[in-house]
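First, the structure itself, so that you have it in front of you.
Labels A, B, C and D are assigned to the chains in the order they are written; within every chain, residues are numbered from 1.
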Amino acid sequence: MRDNIYLRLGMPVLVICILSAAGLAITYGFTRGPIERQAREAEQESLNAVLPDAKTFERVTAAALLAKASAAAGDVTIDGVFRALDGTGATVGVGLLVGSRGYGGPIRMAVGVDRNGKVTSVTIVSMNETPGLGSKIVDDKTFLPRFGGLTSAEEARKVDTITGATKSSRGVRKGVEAALAALQAIGGVEGVSAR
Amino acid sequence: MDIALVLKAVLALSVLGVISVALLATAAQKFAIEVDPNIEAILSALPGANCGACGNPSCFAAAEAIAAGRAPATTCVAGGKSTAEAIAEILGESCEFIPLVSVRHCGGGTNTRREYEYGGLRSCASVAKLAGGNIACPSGCFGFGDCVAACPFDAMSLDERDLPVIDLAKCTGCAICVKECPRGGAGLLQVVDDQSAVAVRCSSREAVKDRRVVCSMCCIACRKCEKACPTGAMRLIDGLAVLDPTLCISCYACVEACPQDCIDVYGRGASQPASDLDRLARSYPGFGVDDAAVAAAMARRTADAPVGPAEAGA
Amino acid sequence: MHAVTQLMLLLVGAALVNNILLTRFIALCSFFGISDNMHTSIGMSLAVIFVMMLASTATWIAYYGMLVPLGVGEFLYIPAFILVIAALVQFVEMYLRKYSPALYRAMGIYLPLITTNCAVLAAATEAVKPGFFKMNMAYNFTLGENLIYTLGVAVGYGFALLCFTALRERLDLAPVPDALKGIPMAFIAAALLSIGYIGLGSLFGL
Amino acid sequence: MKEFMAVLRNGLSLENPLTVLMIGLCSTLAVSAKFEGSLFMGIAVIFVLVMSNVLISAVRRFTPDEVRIPIFIVIIAAFVTIVDLVLKGYFPSVYSFLGVWIPLIVVNCIVLGRAEAFAYHNGVVLSIADGIGMGVGYTIIISGLGAFRELFGSGKLVFLQHTLVSFGSAYRGPNILLLFPGAFLLFGLIVAGSRALNKRLMARKEAV
């Protein structure tokens, strides 16, 4: 009787578990490619947008550098630091992918910095801000260019936010600030380009 | 396809599945409670409305109390006689259940004088808080139907004069309406023994001349009902006609006698056939029932074909 | 930021600023279903706090103890979590029934409802995946942070539920147009309450 | 076939999960801020409902009553995960908009409710009809709500980066439509409106 109840109840559940786990693993096998490609493409695209001069991007993997960058960024996450290389392999700048806190969730953005330590431009990779309000950080074409040419976190802090999208635009500003602070912490563009 | 990944996934989910089922199956055996089978049986005999009229938080709690002997088989006022008998049978006892029913002791409604015009929340509790209420009679019905809303058995409704009407078929005598009524304490709603056949629609304790000023339908203490009653069930107590339901034989002499239309046919006694009523009347020999008067009343009742039970509530 | 400050922010953020009911719309079914009675609401709130704490601990352990080491966390977390939650809720119900009848009577009848309460699964999911609640905190919660965060979500749920129940009990007495009586009026009240919660967002500059 | 159509129609009108049964509200209100997201949500729910209804109905004879809930939810969770992975791989913008709502389809009252109430007691074919009916009923309401909120709130309707309709950049809509309270308000008014309509229809029927 004792074994009975375990077997009687356990077997169907076990069979269903095995089947669904196998099914999911197979599905995952099929979708893993597209998922990773999507992520890579989104990354490349946004980096291309902020550093149009570069041909290829190389992810910085040195753990010590990344730890330092993350520490300097505070609340903002540093999702990736990239060396931007032109056709000849010379460093033309640094691209940073950062995630900041918006109103409707994380705002992920790419910040490009040229060899002189100046921000080339900033783009939003993904965000979940309220359409019509927070989404002005993208829709308002005058907002993101405000960050162009900045060289330090202190300068970034002075950029004006957008009325009606205060929290969202403050999120973007904080992201740029953190990106610049992180870059400074790891020795600027020179620090990154030194392999 | 990544076979290793598939295997890992299968392993992970199977382990969780097996742990879950093992946990539940063990729990089902280990934590199986030896429930007193009576509890389940009693619970199914109870109405299950969780009305709380018996003083227990739920029907389940009541069933536990009854099974444990902490409460009598007649605990459930709402279920009435049939429930009490069913429970007594489960417990192997006999029981004596006095069924109850709720009665409204007010016939005023729109005939009652208002102290002021009230335009606030349509709730008796709310108007009662405003200078004691707009109905001049201190035991008069406000007519907003707090009792109707509170009734767990859907036995009450408001009539065209905004007075609550109690459906005898559904009323269980749970007394929730009495508790809900801001003037329940003043005697506006009462729970009584349900053998009665008539109801006095007044419960005013004011001086007679004062109550006549505020309401055209009040009891005027004329004693006509008392004189008409063959069994002495209707008595004038402190200036108000009061019925002793155990003595009422449903002859309706008082209904006819009342000059104020203040006594109505109402109560389960009204639906009992004449022969039963006769027996009922005779079962109280000690109260000096005048056999001749009873017979005369019964004869009159049959001749007049009085109000039937269908109209009794209204 | 100081560690304790961080935890407090996590707690308050989860409870008020990102209130699961009124700013995230999670668990609305039970919200409208049981909020017409204060007694029921209290029982449900307590049950949700209790179950959420237990469930998110269990799912955290299942996730970091088994799914991540096996490398299957990314696609197996949904069935794994819901399985763990369902089994746990049912187990708790049986346990309470046996060993704590008083507690069982207070919140037992709400336990089956909680299995399908979106809030529990949402909290468990959010704890391991970045999203609404964690905002940009892409790092992984430790078990302690996870507990604090879940407490915040659950208490926020209870608080909003009680507020809303108090409102609805009063609304029942109010004279409203016939078509709006009941559920529609409850929605409009929820809208107003929700506007209030949006205001809380500015509390900590979050 | 007749029965199939009847079950199908049931979900669309008589027992529409949202306006009549009032279940599955959470996701409706939350994801209806954007037309695109709400349409994908609807499609995801249709897929999960139909597939899980089929499978549950197929295995119902081998399911012990005591563990039916764990079995149902594992099946449902598996299909939800498939949706999750596909959206992540092929529609990343939709995936990031829907976020936690995709896993929450598992506990969507509509899906589990139909499994319990319908698929567990009926054959495969009828269960498909029920899944389609309920799913489409849900999708119509949610995407309609999404279109209304996005169009009148922000002044344009976007689907996969194509602007379908636009009122021009000068349009200033009522922002509250896009925020959470707007969803509550709108849905409350929809329910009130449908009730008033029902009442009038009933009255007319009685008058005839």
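Operating definition for what follows: a residue touches a chain if its C-beta (ideal position, glycine included) is under 8 Å from a C-beta of that chain, and two chains touch if they have at least 3 such contacts.
Quantities reported herein were computed from a predicted structural model and do not represent experimental measurements.
**Student:** Contact counts by the stated rule: is the higher one at C-D or B-C?
**Tutor:** Result: the pair with more contacts is C-D.
**Student:** Which chain's mean C-alpha position is nearest the mean C-alpha position of the whole protein set?
**Tutor:** C
**Student:** Go ahead and note the Å separation of the Cα centroids belonging to chain C and chain D.
**Tutor:** So the centroids are 22 Å from each other.
**Student:** Calculate how many whole Å lie between the centre of chain B and the centre of chain C, each centre taken as the average of the chain's C-alpha atoms.
**Tutor:** Centre separation, chain B to chain C: 41 Å.
**Student:** Round to the nearest whole Å and give the separation of the Cα centres of chain B and chain D.
**Tutor:** 46
**Student:** What's the distance between the Cα centroids of chain A and chain D, rounded to whole Å?
**Tutor:** 32
**Student:** Identify all positions of chain A at which a residue touches two or more other chains, and write them in rising order.
**Tutor:** Only 9, 13, 16-17, 20-21, 24-25, 27-28, 105 qualify.
**Student:** Where does chain D touch two or more other chains at once, residue-wise?
**Tutor:** Those would be 66-67, 70, 74, 77-78, 81, 85, 99, 179.
**Student:** What are the residues of chain B that contact at least two other chains?
**Tutor:** 5, 8-9, 11-13, 16-17, 20-21, 24, 28
**Student:** Just say which it is for the chain contacts: an open line, a closed ring, a star, complete, or other.
**Tutor:** complete
**Student:** Report the residues of chain D in contact with chain A in the complex, numbered from low to high.
**Tutor:** Touch residues, chain D against chain A: 33-34, 59, 62-64, 66-67, 70-71, 74-75, 77-78, 81-82, 85-86, 88-90, 92-93, 96-97, 99, 150, 153-155, 173, 175, 178-179.
**Student:** Report the residues of chain C in contact with chain B in the complex, numbered from low to high.
**Tutor:** Those residues of chain C that touch chain B are 62, 66-67, 70-72, 75-76, 79-80, 83-84, 86-87, 90-91, 94-95, 97-99, 105, 173-175.
**Student:** Spell out the residues on chain B that touch chain A in their complex, using ranges where they run on.
**Tutor:** Counting only chain B, the residues touching chain A are 1-2, 5-6, 8-14, 16-18, 20-22, 24-25, 28-29.
**Student:** Okay, in this complex, where on chain B does chain C touch?
**Tutor:** 5, 8-9, 11-13, 15-17, 19-21, 23-24, 27-28, 30-33, 57-58, 60-61, 121-123, 126
**Student:** Inside the complex, what are the residues of chain A that reach chain C?
**Tutor:** Of all residues in chain A, those touching chain C are 17, 20-21, 24-25, 27-28, 74-77, 79, 99-101, 103-107, 167.
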